Structures are given as C-alpha cells and as structure tokens.
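Think of it as A, B and C in the order they're written, each chain with its own count starting at 1.
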Amino acid sequence: MIQLEGSHILSVNQFDLDTIQTIFSVAQRMQPYALRQRRTRVLDGAILGNLFFEASTRTRVSFSTAFNLLGGHVAETVGSGTSSLSKGESLFDTAKMMATYSDVIAMRHPESFSVQEFAKGSCVPVINGGDGSNEHPTQALLDLFTIEKELKEKNKDINGMNIAMMGDLKYGRTVHSLSKLLSLYKNVTFTLLSPTELQMPQHVIDQVVNAGHKVNIVDKIQGNLEHADILYQTRIQEERFPSQDEANKYRGQFRLNQRVYAQHCHQDTVILHPLPRDSRPEANELNDDLNTNPNLAIFRQADNGLLIRMALFALTLGVDSQLEQHELPVNWYVRK
Amino acid sequence: MIQLEGSHILSVNQFDLDTIQTIFSVAQRMQPYALRQRRTRVLDGAILGNLFFEASTRTRVSFSTAFNLLGGHVAETVGSGTSSLSKGESLFDTAKMMATYSDVIAMRHPESFSVQEFAKGSCVPVINGGDGSNEHPTQALLDLFTIEKELKEKNKDINGMNIAMMGDLKYGRTVHSLSKLLSLYKNVTFTLLSPTELQMPQHVIDQVVNAGHKVNIVDKIQGNLEHADILYQTRIQEERFPSQDEANKYRGQFRLNQRVYAQHCHQDTVILHPLPRDSRPEANELNDDLNTNPNLAIFRQADNGLLIRMALFALTLGVDSQLEQHELPVNWYVRK
Amino acid sequence: MIQLEGSHILSVNQFDLDTIQTIFSVAQRMQPYALRQRRTRVLDGAILGNLFFEASTRTRVSFSTAFNLLGGHVAETVGSGTSSLSKGESLFDTAKMMATYSDVIAMRHPESFSVQEFAKGSCVPVINGGDGSNEHPTQALLDLFTIEKELKEKNKDINGMNIAMMGDLKYGRTVHSLSKLLSLYKNVTFTLLSPTELQMPQHVIDQVVNAGHKVNIVDKIQGNLEHADILYQTRIQEERFPSQDEANKYRGQFRLNQRVYAQHCHQDTVILHPLPRDSRPEANELNDDLNTNPNLAIFRQADNGLLIRMALFALTLGVDSQLEQHELPVNWYVRK
C-alpha cells in the first residue's frame, strides 16, 4: 500500500493491489455524488490546475467535472500555443508557477516523460493525464475498474478471467498499461489478437508471462473470442501500414459489429474500447449497431472514469474520509 | 404550455404563447440577481457543459454567466480542434459522454441540425446555442423579450405593433426565428426592407401571412419606417453580391445613423440588432452616433439575453420556484 | 491616496505612495489565504471576466486563481480568434457586453491603449493585464512588492537602495513601469546595463533623474554589479540586432549564472526577472544553476503576483475589510 496523500500519480508502476483496492473502494463511494443523488462540497475553495498541452475533450472535462463535483474550482489551460513553454520556459519553471496557483494539477502533454519532469518542480500532487506514447494511468485504472465491475455483475472475478485485446496492440498505450495492472492479479488468460505488424511489444508480454499468466498470440477473430470474458477493442491506425490496400485488408478483419459479436463471442462477453471510437465508415472498429447490446460497456467506462478521478483527487488531497461531512441537498432536476 | 423541466430547447417551433409567457415571467424574476441586487445559489454544485464548437464570445459568456449567477460551475469546450469529433467520434457518442459530466448542456455547432442530433444521445437537457444557419432559439427569445419590454415602456403591446426588419433578410437566421415567434401574436404589421437579392424567404413570409399578419415587402428606407414601433437592423453581407460595386451601392441604402433615424423614423422607434455590430467604416450598419439615442436598445438586449438564459436553466432544471430559498447577501461593490 | 473601489487599474501613473502602501498592506493580508492556511469566500457569487486577447498562461491563471481564492467564479476568453472583435465589433461594444456579465474584468490585448479604450465602455472595474508594449501595471506592482519584501528580509529599504537593470531596457515594458514606480521613492541609484542599441528610453531616464535619483548608464557587467541590492535581469531579444553574429556577441555579455553572480555581485544581491525565463541554450539569460541560490527571487515573484492581484480585486470591489467575516475551514491536504 503506497501513500497517496500528497503524492504524484504518474505511472501504473506505482500501484500494488492494496493501493488499487483503496482507490476502487473510494471510487465506489463517489457514485451517489457523480449521479447527483447526493452532493458534497468537501473541496470547496480548492483549485485544480487542469493543464492540457494536448487536446482531449473527454479526459479534460472528466478531470474538471470530477473536481467540480467535489466542490472545487478549475483553472484550465488548453493547447501549447497559449503557454510560456512556447517562449522557451522549462517544464520545471512552469511547474513552480502552476503549483503556486493550484492545490492539485492534472496534466496532459504530447511528449513522453514530460509530466514526470514537470512533477519535479511541483510541491502539489500532479496527476498524469497522458504523456505522449508513454503512460495514461487514470485510463488504465478506469479500464480495470470497469472490468472488475462488469465481471462482478456476472458473478465473475478478474482472477481467472479470459481477456482478449484486439487491434493495434503495438502503439496503443492503453493496452500496455492495462496489461501491467492485470499482471498484479492471478491466472488471467490473455488473447492478443492483432495483425502481425501490430503485435504487443515483447517487454509487455514478458511482464505478463513472468507474473504467471497465460498468453495466446493470434491474428484472426475466428475461434479466438469464444472464451473471452472481456473483449478490449482498439483502433487500427492505418498510417502504420505500407499501403492503403494492406490497411484495408487488415481493418476488415478486426472490425466488430453485432453480426461478428453474435458469431464469435459468447453471450456474456463484455466489450470495452478506450474511446473515442471512430464512427467514420473507413474506420468503424466498433459498429453503432452494438449500441443496444447490453454488454457494450463503453459508455459505462466514461461514468467510471469520473469516479476514478474523483477518488484520486480525494485521496491525493486527503479528504476521502470527509465527504459526508460536507454534504448539501441537491436542489435541481436529476436526470433519470 | 409545454413541459420545460428535463426538456431540450432546440427550436422556436417548440413554443406556444403560454410557454413564452412562462419563460418571460421567470426571466423578469431573474433581474435583481443579474443586477447583483440579490444573489442566489440555487444551482450550487450543478455543472453546465458549455460546448462551443464554433466561436461566439457573446453567446458563450452569456450562457456561462447565467449559470454562474445561479451558483453553478461551468465546464467549457471551445473550438472543434480540441474535440474528439475531429477524431471521427459521432455526435451521439460525444453526447453520451458530456451528459455523464453535465447537468445541462449549452451547445453551438457550425452544422445545421447538429444540436438536434447531439440531443438524441443526451439524458440531460440540451439548449441550442446556434446550429449553423438553422436556429438560434435563445436569440429569438431574447429579441422577443426585448421587444415586449421596450414596447411596455411606451405603453404599447406586441399585438398590433409595426415592426420593420432591414438588411439581409435572406441569410440572417435571427429574423427568420423572430418572425416565427411573432406569428403567435395578433395583428402585427411586418415591413421587410432589403435588397431584392436578400429578401425574406417565402416560407417565412407564408407562415406570417397564414397567421393573419400583414406583410409589406420594400427595398428602400424612404417612406417605409415612419410607422415602425421596432426597427430590427441586420448586417448586409457583402460576400453575397456579384461585385463589390453592387455591394457598396446596396449597403449605402441600408445604413442607419442619427441623421437617417431623425429623417425617416418616428421619435419612439426602438432600434434592435442581433449583435455584434460591425463598426468598421466599410460596414457600419449602425453608426456609433446612435449610442446616445435612448431608443437604441442593443445594449439592453445583452442584459435581456442573460435573463432569458438564466430562466431557461432554472426551468429546464426545475428550480424556478426555489430561487429565494437559496439567497445569500452580496458582499461586494455593486456597479451603479 | 486615490479611490480604488469601483476604479479601473490601467497605468502605473495612477499611483502615489499612499495608494501603493494600501495595496501592499492588503496584499500582505492575503498571504494566509494564498498559502491555504486560511480560506475566505468573500467574493462567492461574483464573476471575473478574464479576457486574454493575447496568450499569457502565467498572468491569466494568476488573475483567475486570485479571484477563485476569494470565492468567485471566472468566465474566460482566450485568443482573438474567438472574439467578436474579429467580426469588426468595437472595443466599446465588447466592453458594454462584458460589463453586463462581469463584476470586474481583467484584460490583456496586443494593442497599446486598447485596454484604456475598452474601459470607457465598462461600468465595472477593468484591470489592465498588459496592453501591447504600453503598460502592465500589475507586473510593476508585484515587482515593486517583491523588492520591498526581499529588502526587508535583509533589513534594507527601497529608499536609498541600488538597483541594476540588465538586458533589453529599450523594449522591455516591465523595466519602464518599475522605474516610474521607483521614482516615487527617495535616493535610489539606478545602474542601467544594456547594449548601446537597447538602452533605456530617454523619457524614462528623465523621469527618474527629475525625481532626484542617480542613474549610471553602462554596457558591461564587469565592475557594475558589486553594489547592487537588486539585479533585475530581462531577456535580450535577438531579433532586434542587425545580425545573428552581433546578437550572439551581446548575449554572451549579459547572461547570468552562478559563476558570474559569484564573481560580480555581492552575496546579498537579489535576482529578479519578469518571467518566463527562456531556458533554451541559445537564450539562457538566467541559468538553471542559480535555482539553488537563495537570492534568486523569481519564484517568490509568482507568489507575490497572486497576492497583488487578490488585493486589487478586494480593493476595487470594496471587500478588503470583510475577508475574515467570510472564512471557512480548509478541509484538504495543504502542501508543506
């Protein structure tokens, strides 16, 4: 169990199982507040520095909403052009400044390890909202949290489950981070389904295998999804392929729609995707006809992201035990 | 009377006279809060998703201020480049996500009917802040509210009034929407003053005439404004004309300044404009020398926009009857 | 002593010594709130219109944080592209609108005197956050406040001190404004150290000399910093020079690092810089090896900027005497 109060959240490598369970248990307690059934003002007056040097509406608004739901204010910076970084300021100097203004900082930046560099200059907790191709730890946590919740609904457990990861496993950082977190559990079977060119990197496979899990590397859907408890779909990035023809050939093999699901998955297979999904016809890795499939969990993932980020704010700022002491009634219309 | 609590506000076609009067009566009750004479926190803890996929400082800040004045937080997204829409996400998926984060959503988007499409995915009320050339219902409501208030000051009424609309009546969506709302009243005389190329579309004229109102279509100021209770000026968009020479010729005929007003209007004619007005010499549809004319109502329009948007938030979130229960004193300097 | 409640803050020329001392005394009282040792909600419900028509993360977030720390909401506009100004709206019209929405406005704009022009249309206090090459009065105040605090730590006073200003003294507006404020004090010795091409403008020198201060104009470090109580470093802008070779020659002479400091300053010389400092090797006017020098005050400057801006909001809105009446406990983790 690591100390979360006053700590930076930079990498999935920071977490052990106890810490993860602590985060998930606080996240679960956030649900009535996220659903507006209850309301807390435990962070009233606190300020989140929400620094998005790279655009990402989903992640940015998820952080800001999580903070607002705990009662705090958000100071937002979007885009690198608006920053002193473009005038040559170091990440260290930017951090010294932003830490003066904020009680906690969420940061996304296009360069790998930039958030870690930034954190060195900050005396307040920094939460990594994605540093280039390196890490996106809150995404990995919300993916894992979603898997745990979805399996629980079906009386299953992460220990012993079968997960299929599909698509671009080489460049998709979310599947790398999720695999590392799953390594902490017992007896997981990984089915890694991708074009040969886009296979999971060997160092991730090694970590999983060394932790005692089973890994199947395959390159087509047929016969490989029927035992999947979880199917984690990703985007195939066509710019990775030598030619458009080749890209089209592969893409056709990894698209998921209601017909493919019915034919190749079992009736309980839960579908995840890191979002956003590309709905343009030339991509279409997750067809809209799955929207009515109750096992499509992608919109519940967004809800869970909010809970995880609320939990991380409460834990790093040490207010997780005080939520109920700062409650006020909800006055307004609550969605059904 | 339509149900407003929990409803989307997408089009002026939704409204009947009773609904309009309900909105206006709540808007009127918002005035002491907008003027900082009183303060309410009825939406403390609620979150507005303020989605401006197209820039508009005036409308965006009007929505955010209206929400802040009721005590709520605002999560803002500006510009399409920062959005997952640019990665191919559907409006439906974006709406599912944003509705998780927000209690109510205000949205502007450059494409017609995009806000309607978005609203299908949202379980919280969506207010259309302008969808391309299609609709801008809160602008139409604030125009109508301003007309009602300004006429009342002069002991007049919308029923039986004479309104002149001037400029580009073909492409200006505000005059279309306002005409539709005015159709709900009785015995309005419309003077539609524009270059022939920029006449009001026939379907709008038909709706007005079928509702029993009188329409005069004219192409010059001389002799056509002397009975106007309201003069609604718009911008003439020069890019619509075959040549710059032709644009200049027309523009000169439709500019309004103190001299033209004194010569062609009567002393009570109230001047409106959808704003912003273009103050560059080549445009100048509403000269700055009118700023001291007490019948120039354009700045009162901005005030009224705030009241209308506060009313729509209170009504869609069902807190209109609770404003006074959540009052706190105003501590700070109040402008005179 | 000028009246601050309800007033615009546009230029350092507005201030006399009494007013400055009033601002500094309120700024000092803001410290426990800025450090999160105490919390006030004296501006709960008030709205800051934070208008940055030119990007500046540091100044923008400093204003927004200062307002949040007093309990208020912030409505932000960043970049000129998102504004009606690009559609030809006058600054007067923009001000009329924004003043309807806000209780106080902070504004930065790339054009000189634009904020003054804007303020004519605003019925709420406007604080100049930088108008092109003209003025940046809150920067000058925070520089002066930092100098006063740093000297006090060393039992010195502004009256009678020796300040060296170094770098581009021709185009750097901060050194112009600071010099004007220092003219209000007694017996200051100014050492103006710059390449001949970038000397302090004569009108600033005249003002300083006419106020009875001593001015030394020099062009190299050697022998000119040993009596400096304050060393105010600025950036040398290479684009001002006829050739890259010439720029490099000058730059080398005005870089500051630990070695230069040890050799040419005395052990108490306090280093300031308007920030951001350019850490790229080709600029490097203030080397990172100074970060551990206790006399490097640049990060304390950022803290002081927050205090000054909190003080200006409290004073212009007339709540400076009510801070303690609106206190609430701090619930969350407080940085050490």
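Just so it is clear, contacts are C-beta pairs under 8 Å (C-beta built on N, C-alpha and C of every residue); 3 or more make two chains touch, one makes a residue touch a chain.
A quick note: this is a predicted structure, and the numbers were derived from the prediction, not measured.
Participant: For the copies chain A and chain C, give the interface type as same if over half of its residue numbers appear on both sides, and as different if under half do.
Facilitator: Different: fewer than half of the residue numbers at the chain A-chain C interface appear in both copies.
Participant: To bring chain B onto chain C by a C-alpha fit, how many degrees must it turn, rounded to the nearest 5?
Facilitator: 120
Participant: In whole angstrom, what separates the CA-based centres of chain A and chain C?
Facilitator: Here chain A and chain C have centroids separated by 40 Å.
Participant: By the touch rule stated above, which residues of chain B touch at least two different other chains?
Facilitator: Counting only residues that touch two or more other chains, chain B contributes 73, 76, 78.
Participant: Any idea which chain A residues touch chain C in the complex?
Facilitator: So the residues of chain A touching chain C come out as 5-6, 42-47, 49, 73, 75-78, 81-84, 87-90, 92-94, 96-103, 123-125, 316-319, 322, 326.
Participant: What residues on chain C touch chain A, complex-wise?
Facilitator: Spelled out, the residues of chain C in touch with chain A are 36, 39, 41, 55-58, 61-62, 64-65, 68-69, 71, 73-74, 76, 78-79, 275-280, 283, 288, 291, 299, 302-303, 306, 328, 330-333, 335-336.
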